[in-house]
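Structures given as structure tokens follow.
In the two assemblies presented below, subunit A is common to both, partnered first by subunit B and then by subunit C.
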Partner chain A sequence: MSYYDIDAILTDAEKIPCTFELDVPDLGYLDNNPTAPLKSGTQLQLPLWLAEMLALQSAGDEGKSFVSIELPPPLSDEVVQALKADPRAVALRDQSAHFYNLATRMLDLFEEKELVEVLRKTFAVRAAEIALHARKGAAGSEEKASNLGVGGAGEEFLRGLDEWERKLFRKAHDGAKAGKEWMDGVKKH
Partner chain B sequence: MALSLPPGLTHSEVAFLCEMELVTVVPRQRLESIPLLRGKTPALRPPHRADLPLWLALLLKKQRRANIVPPPWLHPASLAELIHRETKVDPEKFSAPPPTPSRARYNLPGLAHRANDDERQIFSPPFLPSCTAAAPAGYLPYHWLEMAETLLAHAADDMPVPAGEIRGLLRDLVEVRAAKMRAGIGSAGLGGDGFLEMTGVGAVELAESRGFVLGVVDGVRKIGASAEASRREEELEAGDREDDDDDEDMGI
Partner chain C sequence: MYGDLGNKLVQHAKRTQNLAHLPPYQTELVRAVTREVRDLDKDVRSMLEPFQGSFDPNADPAVSCTLLVDHMAMRRNKRCLLAYHRTRTDKLEELVWNGTDIPDLAGQQRAPGAPNGDNGSSHLSPQEEDYMRQYSDLLAAYKGQWTDIDLTGSLEPPRDLFIDVRVLKDAGEIQTEYGAINLTKNSQFYVRQGDVERLIAQGYLQKLS
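On to the complex of A and B.
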């Protein structure tokens, strides 16, 4: 992951549900209550970079961490069940534009063997679908194929692609397009 | 940032490499042998066939000084058989690449051997005569698609049947194999054995799907990275424990 990777930076800003384990003075403004200290047990949405830092740091003598974190809504049980049922029917972009990036970051923190399997299956099944659409897009008119929102039946599916999948679509589409251009060019020489 | 060129060869580069393949021509005029980097070309004597690199054959074809003999695997019957094999007989795999030239040795009857006992002969893809008239039918060589396209574009009148018919069969074959590649990469990502056998995939097909396949493989790797790391740690711990046991067994 590059330092300049814009997707990694944006993933850092995704909100993660956290519960504070300790009383923290002077942090009350996070809970819209600047005068009081932040009580333990308060539930807050913190950006991933901060939540990760606070969850991994231990404070005090007992070695308790500041916050305990939970899986964010895009990786909630309902979404995972829907992915298990049919990976192609879920619009991942509606869950999070950086769904897989977020998922891999969370998997670094949580040990969820089942979630890994579900995600891998989702990615593979959707990748095959993406390749199909990319090839169709390349075969169609150039104007349609040049932007991501290819018209027709696959539009709904393509709108639901997250950033990883969009890159994948672009790669597959570039390959198919280069092939088509080359085939048209053979006759000219 | 580094110059971001996609990895691997592009279509036109692959097609350029394909021009080094040998094809069989029937010359119409005499031509003395030409010393080239890869060796001398055979002298052309009109009724006799000769094997020339594709680029030279195309040059002579354009000057109407030779006719190109299409390779046997480009014959419609061979292509139809390939399509049948890819769809019905073995819908999982790509059809096999042409076998290595082999011959029986006189002192070991019944056993075929690779025919490169002779040190001067090299049998790697660009030098393997897989597109000459002597090539076996029913096998697709590495450069099949670009060879077929080039021959159809420049030597359509040398084909045994109208070029349109061959072109239609080629389109079918390309579609069948592209669908197979898509299905294969999907199932390869599903875990389990998790691999896709790509023996017999041609150079142009590789150039076309390289970016996509690499993207999928990279994605699956990233998703599994944390699970993989924890699995390695477990293995390492298990390994340490085993080592301790060994020491105890030895009674030190």
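On to the complex of A and C.
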């Protein structure tokens, strides 16, 4: 992950649920209320780039952090349960356009062995599905006709890919296409 | 909230990555983000003023929290600004390697989006134009070390040495091994591919197969 990576920067803008652990007079604007002080216990949605540092930094002598954070909605129990049931049936993009990136960043902060396992399995199952669709797409028009039966469901699945999966799909698709073109070229000359 | 404008800038950069051409430079947005950084810096300064350089974060967690938020917002904005410009300079370098000049760019971009009336500006900021010019010079100097090989030439081996081309735009007279040819619009020639490769890339000629 590079400093200049656009996707990493956009991932950092994802909102994380936070709870403030102390009163701060000047930060009312974070809660859309610039004139009032920010009270301890206020619940807020803060972007990851801010939430992470506030959660890691400790304040005062007790060593308490400024805010406590929770897992964001895309990684909630509901989604995880759905992923456990069938990874292919979840539109990850509707959860977050940078689903895996977000998950990786959050797992730096949380110790969640089970979540890691679910995500690993999710990616493996979905990657196979993506490869399948990519090959179909690249195979050419004559074979497309025979796929009409699954076309609708396939489109639905492809629309739900997160940014990383989309890249994977494009690579697999371009690779298959380039391979086919090369084979055709060999035959011709 | 602080950082929202920077986010917009990065979304522009994201779109730029997937485009073939370079969209207009977001002068206003860049200015607004830098202004935000300056404001934040002023805030931090005035907040630290009463402490006379002996601020103890543990004694005043509320102030140190505010300072941290301001600092993170500045860092975030810096990253957004840098990433935006880096995306654009990457694109510019790519264009230079493909043999595009700044005048080419201005001409190209006027044609498709004709009625937006930006009278042929190249969508670059003055600094970007400067960057592109200097990068072109660097590339030319680099290429100059090998006179018998064209580093920006096509990687595809030619099928034939000679090709048919049609002239799309008047390009004047060019010199070839076999004498001079006058390239006037709509005429057709049978020429050596190596002689006209650059003119094809620039869109003056069209290759007929």
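Just so we're on the same page, the second predicted complex is superposed on the first by the 176 of 189 C-alpha atoms of A that agree within 3 Å, B and C clash if a C-alpha of one lies under 4 Å from a C-alpha of the other, contacts with A are read in each partner's own complex, and residues count from 1 in each chain.
Everything below uses one rule, namely that a contact is a pair of C-beta atoms (placed from the backbone, for glycine too) under 8 Å apart; a residue touches a chain by one contact, two chains touch by 3 or more.
The model shown is predicted, which means the values in this text are computed figures rather than measured ones.
A.B. asks: Once chain A of both complexes is superposed, is A:L92 in touch with subunit B (first), subunit C (second), both, or neither?
C.D. replies: Neither: A:L92 stays clear of subunit B and subunit C.
A.B. asks: Please indicate which partner A:Y4 is in contact with in the superposed arrangement: first for subunit B, second for subunit C, both, or neither.
C.D. replies: A:Y4 sits against subunit B and subunit C alike.
A.B. asks: Check whether A:Q57 is in contact with subunit B, with subunit C, with both or with neither, and answer first, second, both or neither.
C.D. replies: second
A.B. asks: In the superposed arrangement, does A:L132 touch subunit B (first), subunit C (second), both or neither?
C.D. replies: A:L132: touches subunit B, not subunit C.
A.B. asks: Applying the touch criterion given at the start, work out whether A:K187 contacts subunit B, subunit C, both or neither, answering first, second, both or neither.
C.D. replies: It touches subunit B, and subunit C stays clear.
A.B. asks: Counting only touches as set out at the top, which of subunit B and subunit C does A:D23 meet: first, second, both, neither?
C.D. replies: In the superposed model, A:D23 contacts subunit C only, not subunit B.
A.B. asks: In the overlay, work out which of subunit B or subunit C sits against more residues of subunit A.
C.D. replies: B
A.B. asks: After overlaying the two complexes on chain A, where does the subunit B footprint on subunit A coincide with the subunit C footprint?
C.D. replies: Of subunit A, residues 4 contact subunit B in one complex and subunit C in the other.
A.B. asks: In the complex of these two chains, what residues of subunit A are touching subunit B?
C.D. replies: Touch residues, subunit A against subunit B: 4, 100, 103-104, 107-108, 111, 113, 116-117, 119-121, 123-125, 127-128, 131-132, 134-135, 164, 167-168, 171-172, 174-176, 178-179, 181-183, 185-187.
A.B. asks: Show me the residue ranges of subunit B that touch subunit A in the complex, using the header's touch definition.
C.D. replies: Against subunit A, subunit B makes touches at 1, 6, 10-12, 15, 149-150, 153, 178, 181-183, 185-191, 204, 207-212, 214-216, 219-220, 222-227, 230.
A.B. asks: Across the complex, what residues on subunit C touch subunit A?
C.D. replies: Going by the criterion above, the answer is residues 1, 3, 7, 10-11, 13-14, 17, 47, 57-58, 61-66, 68-69, 72-73, 75-76, 79-80, 82-83, 86-87.
A.B. asks: For a test of understanding, state which residues of subunit A touch subunit C in their complex under the given definition.
C.D. replies: It comes out as residues 3-7, 9-10, 12-13, 22-27, 29-30, 47, 49-50, 53-54, 57, 59-61, 66.
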